[in-house]
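Structures incoming, each one as structure tokens.
There are two complexes below, and they share subunit A, which is joined by subunit B in the first and by subunit C in the second.
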Partner chain A sequence: MLEHVVNGLVLGGTYALVAMGLTIQYGIARIMNLSFGDTIIAACFATYVLFTSLSISPILALLILVPSGYALSNVVYRVIMKPLVARAPDEGALEVDSILVTFGLLFVIQGILLYLFGGGYTSYSFFNTPINVLGTVVAGNRLLALVLSLMIGAALVIILFRTRWGMILRAVALAPKSAPLFGIDTDRAARTAFAIGGAIAATGGVVISMFQTFTATAGVVFTMKALIVVILGGKGSVPGAIVAGLLLGLVETFVAAYVDPGLTLAAVYTVFLLLLLVRPNGIFGKA
Partner chain B sequence: MLELKNMTVRYGKHLAVDAVGFGLTKGEVVVVLGANGAGKSSMLKAIAGMIPVADGSVTLDGDLLTGVPAHQVTNRGIALVPEGRGVVGRMTVEENLRLGATPSRARASEDETIAQVFDIFPRLAERRRQFVHTMSGGEQQMVAVGRAMMSKPDFLLLDEPSLGLAPIVVGDLFKALARVRETGVGLLIVEQNVKISLRHADRGYLLEAGRITGSGTSEELMNDAAVRHAFLGGDI
Partner chain C sequence: MKTSYAFALAGAALVVLALAPMFIPEYWTGVLLGMTGYVTLATAWALFSGPTRYVSLATVAFFGVGAYTVAVLNEVMPYPLVLLCAAGIGMVMALVVGLSTLRLAGVYFVIFTFGLAELVRQTVSWWEVNVTYTMGRYVFLPFEGRHIYWQLLALAALTFLIAWAMGRSRIGLALKALGDDETVASHAGVDVTRIKLLLFVISSTIITLVGAIQAPRWTYIEPSIVFNPTVSFMTLIMALLGGAMRLWGPLVGAVPLFLLFEWLSVSFPDHFSIILGLLFILIVFVMPNGVLAKIDDLRKGGRA
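Now for the complex of A and B:
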């Protein structure tokens, strides 16, 4: 029982983490990024390469891949997204355009990964030491994944709610039209938010690769789950993403353990539908 | 000095502001009177860089503001309190005010300015932790003016600050604006509420269908037949 709680929290922690990235990109930059999961998978493979061929531990890989995720997403925003933002007559148009473009980007990233690594399942063994947590044995890498997710998630919440930088990003999310009157450069804020999202995706990739097998085509699953978490939590809500992510991880783990592993996705969608019937704008959503 | 020369604003083929020209200096209160659709809001938005100027120019102390993006206009010293107030409802009073000090020109004096805002609007000091969307219209307007003051403007542009407020609240607001003016800020107010705005202004202009059709000191305008006819129902 406790074992499933811990495993559920580990899985949920990573869901919460990556969903935070997606919700920041969507809430602040107004871009629904369908290639988000593929960014995660790219980071998984990058960690794998760094670890297996250069013996760089995933922890150190974070120091390389997180800034890379930030920088690359910044470039993607400047080159691909900025023209869309510039020509979009309104927010709805930008949403549709960004969905189409990132849908294309998804296949570009996936294609590159398939070319480089093939379609097979990939994994590596890192910090597989069994650790005793309150009487249950958990793999060290899972525990590390949970701790990292929580730490990075907490850091993000502190940045968003306790710093001027975060305040500016939140203001752009809450009142995009008024933000320039506050002297806020909304274009820069959107670029920063998109890049932070990319950095979080990279973090998620490193963390997930430590305890899960992954394939070049698994990005879609991560995008979908992150999307479910974002909508469940309330669009643009970081606390909502955390709660919904943990909930989703627990539901998946418990259904896999006590019902049938094949029913996890069905269970996730059931929870998703039921919660949305009660709270159409998500757990922390605003009407 | 803030100066408009032949400033023209277009929405497609529609001419919203037609070759408007006037200026105001720091510490001065100028009111632009006009009915709905006269182009008052478009004029202010164009000065603030929120919408493009089709023709003519806006200059601040001789520097061209036309074509400068809105967030940079704020940093040059122009603060707009738009129609609908432009506050972030789902943030607290203090967050809105601190956010108002985002321009680099305002950073150093942030704490000093916030004390000044609280001095002019004691109500905001009492409610600093309250979410703005839960406040009354008059209080939200105080937040909006306070937020604009936080950017350390040379000129404050106000789009119908009295709209939707009870007369007594309007009176308090204009008294507060008089104190803002005492700090050396120039105020450009567009209004339909002729009586109270002229009482607090030095001079004014009439805007009709995007064109300036009259001007004068507040006293002159108050006694002007056209103003009385258009805005005050014939007599005061």
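Now for the complex of A and C:
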């Protein structure tokens, strides 16, 4: 029982982390990024390559991959998203365009991964020492994953809510039309937000690859879960994403442990369906 | 006058297409079959997603359900009943998805459909492994390529007829209003949710039937074959290239792209999905409203 709670929190912690990235991209840059999960998987494979062929530890890999995630997303925003933002007559049109373009991007990233690594399950063994937590034994890598997720998540919350930079981003999320009147460069804010989202996806990929097996085609499921967490927590709400992420991780772990591991996605969908019927604006969302 | 000419022309084309398998080699019948399948998928997709602008990413969820239903039932029931069952299951699934998402903002619908194929695939796999203990099924139906082709052709004709009739009816008018401005439409007395639901159910049922009719082509069926996400993706590209807002748009997009994809998947099997993705991004950039609208624009531009 306790073992499942700990495992659920580990999984939920990573969900919360990646969902924060997605909610920042959607809330501030207004881009609904369907290729988000594939960015995560790309980071998983990058960590795998760094670890197995160059024996760089995943912790150090973070130092390489997180800035790369930021830089690459920045470029993607400049090249692909900016023209769409510029031509969109309203928010709805941008939403449709961004959904379509990132859906295409999903196939590009997935295709590259399939070409490079094939479709098989991949994993590596890192820091697999058992550690005793409150009477149950947990693999060290899982614990490390949880600690990393919490630390990075906390750092993000502090940046968003305690710095001037974060305030600018929140202002754009809250009132995109009024923000320019206060001298805020919304274009730059959107670009930064999209890039931060990419950096978080990379972080999530590194963390997830430490304790889970992954395949080149698993991106869809990660995007799906991150999206559900975002909606569950209320669109654009960071605290909501954290609570909802942990909740989803727990639900998934318990279903896998007590019902059947093959039904986790069905359980996740059931949560989503119930939510849509009861509280379409999320647990913390405003109507 | 104009309509009757168009009908005569479409009817003649249909006859020629129906007679084609008698004169062309088996391989080309197969190509025509695949093409007709995608023309139907793209037209059915555009029937709902064009006017409502709700991007459905779940084409293969319905397509796969249709094919899998045939795989499960083909030995216990006569074929027409199997098709009816497949259509019924597709319809119920569309009702469930539609009722829970279509009254909300479009993005919820997109998200829901995005993972739907994966959900159905995993659930079917789980069911087969844990409950029926069979993984993979065989379809033994006495159909040759041309029999399947004729069925698809009939379905395609029916789909065009529905789309055409829809465009001329009160529903079509309501749809146009809805596509222009949903808030205005609902204030003008259009029951927005009901119309969206109706269209989604019709479109999904047709898509399910395409899957069901094509099922005998595979002979051996397992979830990973029939729930291949590339089907959703290709349908989407074809409809968008031609223009999802026009009756003939999806057809115009589907025919060249099907041939292109056929060639690409043989020539570049390893890079197929990369090329597909890049092509799609390009289409969204260059002609967001489809090639027919682009041609109209160019014509107008030329005259001005």
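Convention: the second predicted complex is superposed on the first by the 286 of 287 C-alpha atoms of A that agree within 3 Å, B and C clash if a C-alpha of one lies under 4 Å from a C-alpha of the other, contacts with A are read in each partner's own complex, and residues count from 1 in each chain.
Basically, a residue touches a chain if its C-beta (ideal position, glycine included) is under 8 Å from a C-beta of that chain, and two chains touch if they have at least 3 such contacts.
Note that the structure is predicted; figures quoted are calculated from it, not measured.
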Is A:Ile168 contacted by the first partner subunit B, the second partner subunit C, both or neither? first
First (subunit B), second (subunit C), both or neither touched by A:Val138: neither
Pick one for A:Gly104: touches subunit B only (first), subunit C only (second), both, or neither. second
After lining up the shared chain so the two structures overlap, which partner does A:Ser178 touch, if you call subunit B first and subunit C second: first, second, both or neither? first
Any idea whether subunit B or subunit C touches more of subunit A? C
Just subunit B (first), just subunit C (second), both, or neither: which does A:Ile231 touch? second
Identify the partner contact of A:Thr186: answer first if only subunit B is touched, second if only subunit C is, both if each is, neither if none is. first
Complex interface listing, subunit A residues touching subunit B: 164, 167-168, 170-171, 174-175, 177-186, 286
Which residues of subunit C touch subunit A in their complex? 53, 55, 57, 100-101, 104, 106-108, 110-112, 114-115, 118-119, 122-123, 125-126, 129-130, 229, 233, 236, 240, 270-281, 284-285, 288
Under the stated contact criterion, what part of subunit B meets subunit A in this complex? 48-50, 69-71, 74-75, 79-80, 82, 86-91, 95, 98-100, 102-103, 106, 147-148, 151
Residue set of subunit A touching subunit C in the complex reads 32, 34, 80, 83-84, 92, 95-97, 99-101, 103-112, 114-115, 220-221, 223-224, 227-228, 231, 260, 262-263, 265-266, 269, 272-273, 276-277, 280
